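Structure record follows, encoded as C-alpha cells.
A, B, C and D label the chains in the order they appear, each numbered from 1.
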Amino acid sequence: MTTEFLSLRDAMATHVRDGMTVALEGFTHLIPFAAGQELIRQQRRDLTLVRMTPDLIYDQMVGMGCAKSLVFSWGGNPGVGSLHRLRDAIEHQWPNALTIDEHSHAGMAVRYSAGASGLPFGILKGYTGTGLAVENRAHVATIACPFTGENLTALPAITPDVTVLHAQQADGAGNVLLRGIVGASREAAMAARCLVVTVEEVVEELDAPMNAFVIPAWQVHAIAEVPGGAYPSYALGFYSRDNAFYQAWDEIARSRSDFLAWMERHVLGTVDHTEFLCSVGAAE
Amino acid sequence: MTTEFLSLRDAMATHVRDGMTVALEGFTHLIPFAAGQELIRQQRRDLTLVRMTPDLIYDQMVGMGCAKSLVFSWGGNPGVGSLHRLRDAIEHQWPNALTIDEHSHAGMAVRYSAGASGLPFGILKGYTGTGLAVENRAHVATIACPFTGENLTALPAITPDVTVLHAQQADGAGNVLLRGIVGASREAAMAARCLVVTVEEVVEELDAPMNAFVIPAWQVHAIAEVPGGAYPSYALGFYSRDNAFYQAWDEIARSRSDFLAWMERHVLGTVDHTEFLCSVGAAE
Amino acid sequence: MTAPAWTPDEMMTVAAARRLRDGAVCFVGIGLPSAACNLARMTHAPELVLIYESGTVGARPTVLPLSIGDGELAETARSVIPLPEIFTQYLQRGRVDIGFLGAAQIDRFGNLNSTVIGPYAQPTVRLPGAGGAPEIAAHAREVLVVMKQSARTFVEQLDFCTTPARPSALITDLGVFEPDPATRELCLSAVFDGVAKEDVVAACGWPLRIADRLGTIAPPTADELEILRDLQARTRDAHAARVRIRLPF
Amino acid sequence: MTAPAWTPDEMMTVAAARRLRDGAVCFVGIGLPSAACNLARMTHAPELVLIYESGTVGARPTVLPLSIGDGELAETARSVIPLPEIFTQYLQRGRVDIGFLGAAQIDRFGNLNSTVIGPYAQPTVRLPGAGGAPEIAAHAREVLVVMKQSARTFVEQLDFCTTPARPSALITDLGVFEPDPATRELCLSAVFDGVAKEDVVAACGWPLRIADRLGTIAPPTADELEILRDLQARTRDAHAARVRIRLPF
C-alpha cells in the first residue's frame, strides 16, 4: 500500500462514507478537529462515532446530525462542564436519536487494544457492580480464568472502518510521528481497517528518537497536511490547548440556535481549516 | 518505596534467594549477564529461570546448576547453533534435571503482558495444532470469545518474584532509561514483585526524550552500577554485541569439562564483573 | 464573628491535600483532586507521584491543567506513556497508592454516580460518565472522594452506580467523613473549624451518623492558603489567554 | 561440465530473494531468511519492509545481523517498539505480508519441527524451539520456507509439530516446491539450473511428486552474486571483531 497525500477534503471524501464506524482519536492532545469539521461540511450521516472522550469535536458532529451512535467513556467538556449538544441528543433526541455504547476509560482502552491486536475481545478486572455492566449487556460479558477460576470482564474489540488521527509530522514517504500524550491513538490506529492522518507538517526526515511513536507509512492510507489541525486542542511543539476557547464553548453550545449560528458561520461558512482558524480568530 | 543503590553483589544477595522465580530479561540487547554471573558466584540453587531466549546467560546458569526449571520460547545460540549446556540438561539431566515450561515468542509476550497488567491470564490466536499445546497442557488452555464464539488460546500470567534488567542509565533518584531494542523487558519489569536493575551509568539527569522507555524510581527496588554489565550482549550507545564471543561460546560450552574450566577461571575465579571483563579480554 | 479568611472550597482542598503522604503514588482526576494533589506536592509532599490518566507519569505542573492532558503535564512528566498502559500496568497491576475521585452523587457507603440523573435510558440529566473512576476505585490501594455537600447529591439511593467505591475518606466543604470499621457506612468524623455539625447533617440526604469523638480540622495555614491561591491565580491567567497559531501559508 | 560459479546455498538465497515483491512487509527470521530479504532489498525490492521480532520495524542493515536483535537493526530501523506489539499489533492483526521460516524437519504439507528429535519428554536432540514461528505461520498472509534438503530432514512424519504451516513455496538448495492446489501437498515445481530431478527425489524423505511442467530456475545473475557475496563478506568481517569495553574505572 502506498500512502496518498491528499487535501483534507479529498482525504475525508475518499475514505469516510455515511454509515461507517469512525474513530477520531487523540486524548485531549492531537484531537483531529479539522478532520471532524470537514466531515460536518461534507454532511456525513449515520456515523458510529468512537472516542474515549467525545470532547468538543463530537459535540459539534452530534449537534450537526452526523452521528447515529456513539461509543465512549467520558462525555464532558474537561474542566468546564457538560457537552450541551451531546446532552441534548441523549436527553431530547435533538437533532436525532443517538444510540450509546458506554464504557469506562479502562474498558475503551481494552477494546481498542483488542482491536489493534486482532483479537475479538479483551479482558480486564472491573465493571463488577457498575451500572455499565447492567445497562450495556450487549458489550460486557463475564469470563472465567481457565487457570485460576477467577471471574473477569470481557469486552468486544473495536475495529473502526476508519481511524483519523492528527500528528505533528509525516515524512515524504508517509511515516507519521506522534510526540507527547498519545492516549489510545496508536491502538485506535492499529485497530482500524483504514487510517487517515492529518499532520502539522510534512518534512524530509522525521525528528524521531529511536523509540518514538512512529506509525509506518504502509499502515497509513492517506495523509493531509493541515497546520493547526488539532485546534482548539493542541499539538505539542506547535501550539497550546486553547483553554479559553474550551471555556467559551460552554456558552456557544448551550442553546441550539447559538450553536447552529456558530457552526454556520465558522464551519459551514468556511471552505477549509485555514479559513476556520481565521474566522474564529485563532490564526495570526 | 525508595530505590536502593547497591553493589551488584549486595543487590543479588538481598533480592534473589534459592527457589525463586527469576526473569533476567532483555531480548538480545541489554541482557543482564553480570547479574546472572553474580548469581552463579553466589551459588543460587533451584531457581525457576524465565527468559524468552535463554541465551548464553542461562546456558551458564543451567550448566552451573542454578536452575530447577526453565520457562522459555527459543533456546538456541542466535545465528550460531545449540546452547550445549541447556541441551545437556534436557537430554542428560546434567548437572541436574530441568523441568521446562515451553512456549512460542508470542505466547511468552502474552504471558508477561498479562503479568504486567495484573491479569491471571492472557489470550492469543495461536498454538492450534502445535505440539506445544499438546505437551504443555498445564500452561495452555482454550477459551471461547463470549461475543463471537471463536476459540482462542489462553496462557497463564508470569509474575516473577524478581525481574533483573540491564539498562543504559539511571538517575540519582532511581529512574531508569532503556533505549533501543527492549523486547519484553518492560512487561517483565512490571510483572515482577521485585525489580532490580544494573546500569551502565548513573547520571544527574536522564538523557530521555518525552516518550522514552523510562521505568519510574518507585518501581525499582535496587540499582547496581555495572559498566559492561550486558557483555557479551550489548548496550546500545555503549558497546556492541560481541558476536565473535557468541561464536566462540559454541566450542567453550560443547564439553562439560571445557565449560567447567572456563566458568572456574572466568566467573568463579573473578570477584566481580570488572575482573570478569578483564579476564576474558573484553576490557581495555 | 468575622467571616473566615478562606472559602469552603479552599478548606476542602487543603483538607484533602493534607491526607496525601509524601512519596505516595496518586492517580489524579481533574478539578479539585488535581488542585489538592498539587497543593500537597508544593507543601508537605514534594515527592508525591502524580499520574494523570492521559499517560503522564510523575507530572509536576506549575499551573493546574484544565484538561487531564494539557501540554503542561507532558512537559513536566517523568515519562509519557500510552494510556492503555496507565490502566493496565500501573492501575490494574496495583501500583497506585491513592485514587482521588469526585462525582455528582454519593451514597452512604461511598458509591458514586457520575453518569445520569433519572433513568439511564431516558435521563433528565446526562452527566459525563465513568472515565477512569470505576477502575481507580477497584484497584487503587486507597480511595479518597472530594465532593461539595448538599442533600440533593448526598443521597439515599443513587440514580446509577457508576463506581462502586469504599473510600477511606470523603472530604466535603464542611468536614470529613470516614467509614465505620464494622458497617463501612460513612460517618462524620471531623468538621472544619467554624462549622456546626447540624449544618453537616442538614446538607446530607441520608440520616448521617456522627463519630463519638468528633474532630475539628484546623484552618488553612497562611502558607497553605498562599500557595493554593498563587496556584489558582497562575492557573486562571494561563487559561484565560487565547491561542494564536502561526500558519505557514 | 565445469562446476557452477556459485554454491547451492547462494542459489537458494537468490531464489528465495526473487520471490519477495517490492513493498511487501516481511517478518524475517535469522540466518538464510535474513540474507534473502536483505539481498532482495539491495536488488529488486528497495522498499521491502523488514520486521525482526526483536521489535525493529523497517530495518535496513548494511551487514547481516548474527542475532535477531543486533544494534545494526535498531540503528537502521524506522522505529523500535516493544516486542509484544510486534506479535500483537503487527503479526496477529494481519499486517504482515510474508513470513519467512526455516526448521530442522519438514513434512510433505510444510509443517515444521524446530523443537526436538525423538520424544518431547526424552529427546535425543533438543533443538532451540518455536521462537516466533507458529504465529508467523498462522498470521502472515503468505509463508515461505527455506531449508537445505536431505532425506533425513524432509520426513514422512515429524518428531514434533512446532509449526503447522501451509507455505506457498519451499525453497531448498536444489529447487522449489509448491503446494498442489487440491491436496496442498508440496510438489517439486522447479529445479535449479544444473540440478537433476532425480537428485531432488533422492534427497526427500517422502515420495516426492513432481509437477507436470517442471520449471528451471535461472542461475544467479552477476549482480545478485556480487551483492550477496559483498554482503556476506561485510557480515563476516563485522562479526569477527572482538568487542572491547572501555571501563570508567
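Rule of thumb we're sticking to: a residue touches a chain if its C-beta (ideal position, glycine included) is under 8 Å from a C-beta of that chain, and two chains touch if they have at least 3 such contacts.
What you see is a predicted model; the values in this text were computed from it and never measured.
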Check your understanding: Just how far, in Å, is the C-alpha centre of subunit B from the one of subunit A?
Key -> 39
**Study point:** Centroid spacing, where centroids are CA-atom means, of subunit C and subunit D in whole angstrom
**Key:** 57
**Study point:** Residues of subunit C whose C-beta touches two or more other chains
**Key:** 74-75, 80, 88, 92, 139
Revision key, fill the gap. For subunit B, residue numbers touching 2 or more other chains are 118-119, 124-125, 180, 182, 186-187, 210-213, 236
Check your understanding: Looking only at which chains touch which, which shape fits best: line, ring, star, complete or other?
Key -> other
**Study point:** Contacting chain pairs - touch in the sense defined above
**Key:** A-B, A-C, A-D, B-C, B-D
Review point. For subunit B, which residues count as touching subunit A in their complex?
Key: 118-121, 123-125, 141-143, 145-148, 150, 152, 154, 156, 179-180, 182, 209-213, 236
Point to revise | subunit B to subunit D touching residues, read off their complex | key: 27-29, 52-53, 72-76, 78-80, 82-83, 86-87, 90-91, 102-106, 109-110, 112-113, 124-132, 135, 180-184, 186-187, 201, 227-228, 231-232, 234, 236, 238-247, 274, 277, 281-284
Review point. What part of subunit D is in contact with subunit A in the complex they form?
Key: 23, 25, 49, 57-58, 74-75, 77-81, 88-89, 92-95, 139
Check your understanding: Inside the complex, what are the residues of subunit B that reach subunit C?
Key -> 1-2, 116-119, 175, 186-187, 190-191, 208, 210-214, 216, 218-219
Review point. Where on subunit C does subunit A make contact in their complex?
Key: 30-31, 53-56, 65-71, 73-75, 80, 82-84, 87-88, 91-92, 115, 120-121, 123-135, 138-139, 160-164, 238-249
